[in-house]
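Chain IDs A, B and C follow the sequence of writing; residue 1 opens each chain.
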Amino acid sequence: MPAIRTTPADTAPGPQAFLAAQTRWRLVEILFWLALLSPFFLLPTYLTLASQIAITALFALSVDLILGYAGIITLGHALFFGIGAYTAGLVAKWGWGEAISGLVLAALAAGFVGYVTGFIITRVHHLALIMITLGLGLVAVEAANSASWLTGGADGLQGVRMWKLLGTFEFDLWGYSAYGYSLGALFVFFLISRRIVHSPFGLSLRGIRENLDRMPAIGAPSRARLHKIYVISAAMAGVAGALLAQTTETVSLETLGFQRSADVVIMLILGGTGRLYGGIVGAIIFMIARDQLADMNPQYWYFWIGLLLVAVVLFLSNGILGGLDRLLPRRRGDA
Amino acid sequence: MTTQIVGILFDGLAFGMLLFVLSVGLSVTLGLMNFINLAHGSFAMIGGYVTLTLMREGGWPFLATLPAAFVITALISVAFERTLFRRLYRSTALNQVLLTIGLVFVSAAIAAYFYGTVQQPIQVPDYLRGSHEIAGVSFATYRLFLLVVALFLVALLIGGLEYTRFGARIRAAVDDQRMARGLGIDVDSVFAVTFALGSGLAGLGGALAIEIVGLDPSFGFHYLVFMLIVVAVGGLGSVGGSFAAAALLGIFDVAGKYYVPALGSFLIYIVLIVLLFVRPRGLFGKR
Amino acid sequence: MSRIAAVIVSLFALAVGISGAQAQDTVKVGLILPYSGQFADAGIQIENGLKLYMSQHGDTVAGKKIEIIRKDVGGIAPDVAKRLAQELIVRDGVDMIAGFALTPNALAAGDVSAQAKKFMVVMNAATSIITTKSPYMVRTSLTIPQLEEAFGEWVAKNGTKTVYTMVSDYGPGHDAEQAFIRGYTKGGGKIVGSVRMPIANPDFSAFVQRAKDVSPEGIFIFVPGGAQPAALGKAMAERGIDPSNTKIMGQGEITMEKGLESLGDSALGIVTTFHYDVSHDSDLNRAFVKDYKAMFDRNPDLFSAGGYDGAHLIYEALKKTNGNTDAQALVDAAKGMAWESPRGPVSIDPETRDIIQTVYVREVQKVDGVLTNVEIAKIENVKDPVKEAMKK
């Protein structure tokens, strides 16, 4: 553990030093990522689940960038997840089954839609913001259903065929390739996100989250910066969707649906917002709990999931990581 | 032609009235008490199951079950308010979301356990079935009934909030809690009663909704989106706003489906987006 | 933070535990169904049908014990269905997968069946193309065109000259609309208008008014089961459309038990097509309904029939292969298999591996004071017309 404490209460070390201290890798972080490799050896029969958890974690990470760091609460982020999924799915269906370029195209498509909708999103706040994100998501579902000649409608997109990953790894029944691929993507985008939130740009977003009107006064144009992070987040969500489409070789309307938008926010809050790892931990806990509970009791598992959520709120307050922060007093105190 | 338009307007309005009864309580808790209660739909579901149980097991007449649906739902909601929700009045919005969504899961599981997953039909009495023909337009009896109930509730709520002592207490407690306490208002119980009222209305809405949209354990999730739309478009905390929004959405929905069925499913959401973009606080929102 | 890692590691470790003993004398069947969410009732009725068959015929067949592993897919979620199918095969070591209430899920799991060479029994999902997804797949439910094309022709030949169609705007609705129109126009009828209604649609009054405006002789309806049939039926009654002035017809979902209860007498005279009804007049069905009620305290429906016949197919196929669970052996055993089902005589088409069955035309009548779907006509040995047309 580094000896420097960087609580805001300390005599200010200056913004550069503050950011530098935050950027340093801590031992637990390294252990955490190493632990995520363990399913390959310890739990090879859970790799398909692990792969879908990694995808969901990436999706949650994308939401954390706007919700946790920039204060944009969304109930429609599956819009971008779904656009990414359909883009990657369609590209593969039309004969280009190469995975990585599919991800890039999906990111571009989702980012573009994020750019367009961003003009609306960055102009509204509070309940109106939440409801507009929700409305955009619902419009997208209906549009995809209407365009069934393109999307396959309610039956889902059929005929997605992927080539071997990097020309070598086939998407196997066990999910070795799928998990390696999804985890790799998660790690890359985690590094990017980490870089973003610990940059001056990321810091200005937190300022905007706390006070929208003051930031322009000190030289940070709120709306432009929100727009920028929204596009980045949309592109990341699109990548997550593309990963799901590629690893399952199918895309359904549900990838755009309200349920997916709501679930990811639940997982993020469960893990703890505004700390990058929150979405990842939330996705891991929520999806493992759901899988295990549903195995034990396929009919009523959601009773226990509900209790889990209630318990986390009552006993841990700011999500699981927030709660652990309080329980472990020696932790640094920033958000 | 005019008869058709009148018929469409009426159908839309009546559907909107159902949305109004379901949502108005949420507008009150969200707007006046700043509490995000996503379990509002679950309270509506409780009301539905109360009516169902009383009619099927107790042999009660439909109309008599409606006050019961209101009262029992209100009582259950107070139990939750006292034990769980009040702890979170000052907490973050995200915590409120997580807690109440958790309760939606729990309530759906409980409903599925006791009532099964099947759709639960009820038989409304004959005098609420069929339709009345007035000047060549047929008005469905049940929809007329919904309209009457909704108008009655609007009058009662606006009158109650604006012109009674209790209404004044609610408004005082909401505007400035500390000041209200200083004046000797028991803010805790005012909040509890307000909450009960809002949830009770949801219960009533759930009971009224069975005949139009059915009842099953996923009710709490299913109508949440509609409720949020009504509240957001109407403006937080505004009873009149919820009424106007519900009527507007109902009419837009039905008219849109009639005149441009290809756009039927989009229209309500597009109206939502445009309206909130132009008026982020909703039609009648103050805050 | 290290505690977090510890928690995660232990959660993973907790997940390891379960992996049943690999006994040679069991046959494991992975059952993938929606047990939660808005389609839960279909999933539960399918499982009930299967459970009933197992309790009637014992859980041992060809010297092997049948073991069911249940998985909840939670609704329309092909990604989850595919993962569950993969997990059942690699982790639980199942010998076959079964269930599948919903088309997208069945399509996604079909890929796994083909890739892993596992036998797959579809017990409900009703889109034609599903069975083309894997050569090891068999279906014991129905296809929508199978019902509708035959029905459309029957309607045209029985004196309804103009029809307006109202269907839900999604895959099955489109299938039903197209198949009905194909059959109906082939029989000489005339379509005077069509409307597609959003799936998540609580209020039907606008669409009913549109239909009323063109005053057709008949209205054809396809909406998913659940709350919608009753809602649509009521909207029609309110607008003054009833069987006395307009022939109301559709697929059997609209006159299922709960829907009839809710519609009351305004349902009298509605004509529907279906492959199974609880009131079907046969000794086997009477015994089926009686045992079903005794076991689950409710009536069986089409889902139950799909599950029951699915179980029958699995049992008989295993008997033929003498307990061999090789997918090719099982699918060869299933091809051409014929049996008496609670719905009537059925068989498996050896070419398409899809079900061949009798399509019934029923009318809602009062029998002993209870609204009942009474069979008024039947069309025997109907194959899925879409795959028949593909062959040509």
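The working rule: contacts are C-beta pairs under 8 Å (C-beta built on N, C-alpha and C of every residue); 3 or more make two chains touch, one makes a residue touch a chain.
Predicted model only: the values in this text are computed from it and were never measured.
J.: Counting only chain pairs that touch, give me the topology of the graph as line, ring, star, complete or other.
T.: Contact pattern: complete, every chain touching every other.
J.: Looking at chain pairs A-C and A-B, which one is connected by more C-beta pairs in contact?
T.: Between the two chain pairs, A-C has more contacting C-beta pairs.
J.: Using mean CA coordinates as chain centres, what's the gap between subunit A and subunit C in Å?
T.: 36
J.: From the mean C-alpha coordinate of subunit A to that of subunit B, what's the distance rounded to whole Å?
T.: A distance of 33 Å separates the two centres.
J.: Which parts of subunit B, given as residue numbers and ranges, touch two or more other chains?
T.: 112, 262, 265
J.: Which residues does subunit A have that touch at least 2 chains other than itself?
T.: 142, 145-146, 299-300, 302, in rising order.
J.: So which bits of subunit C are touching at least two other chains?
T.: Those would be 36, 40, 44, 169, 198.
J.: Mind listing the subunit B positions that touch subunit A in their complex?
T.: 30, 84, 87-88, 91-95, 97-99, 101-110, 112-113, 225, 228-229, 231-232, 236, 262, 265-266, 269-270, 272-273, 276-277, 280-282
J.: Given the complex with subunit A, which residues does subunit C contribute to the contact?
T.: Contacts found on subunit C: 1-5, 8-9, 11-16, 18-19, 33, 35-36, 40, 44, 70-72, 74-80, 82-83, 86-87, 89-91, 103-104, 107-108, 111-112, 115-116, 127, 129, 169-172, 174, 198-199.
J.: Looking at the complex, which residues from subunit C come into contact with subunit B?
T.: 36-38, 40-41, 44, 169, 195-198, 200-203, 205-207, 209-210, 213, 226-228, 230-231, 234, 237-240, 258-259, 261-262, 264, 266, 298
J.: For the complex, give me every residue of subunit A touching subunit B.
T.: 73, 120, 123-132, 134-136, 138-139, 142-143, 145-146, 258, 262, 265-266, 269-270, 273, 299-300, 302-303, 305-310, 312-314, 317-318
J.: How about subunit A: which of its residues touch subunit C in the complex?
T.: 26-29, 31-32, 35, 38-39, 42-43, 45-46, 48-49, 52, 142, 145-146, 148, 153-156, 158, 173-175, 244, 248-255, 259, 277, 281, 284-285, 288, 291-292, 294-295, 298-302, 320-321, 324, 327-328, 331
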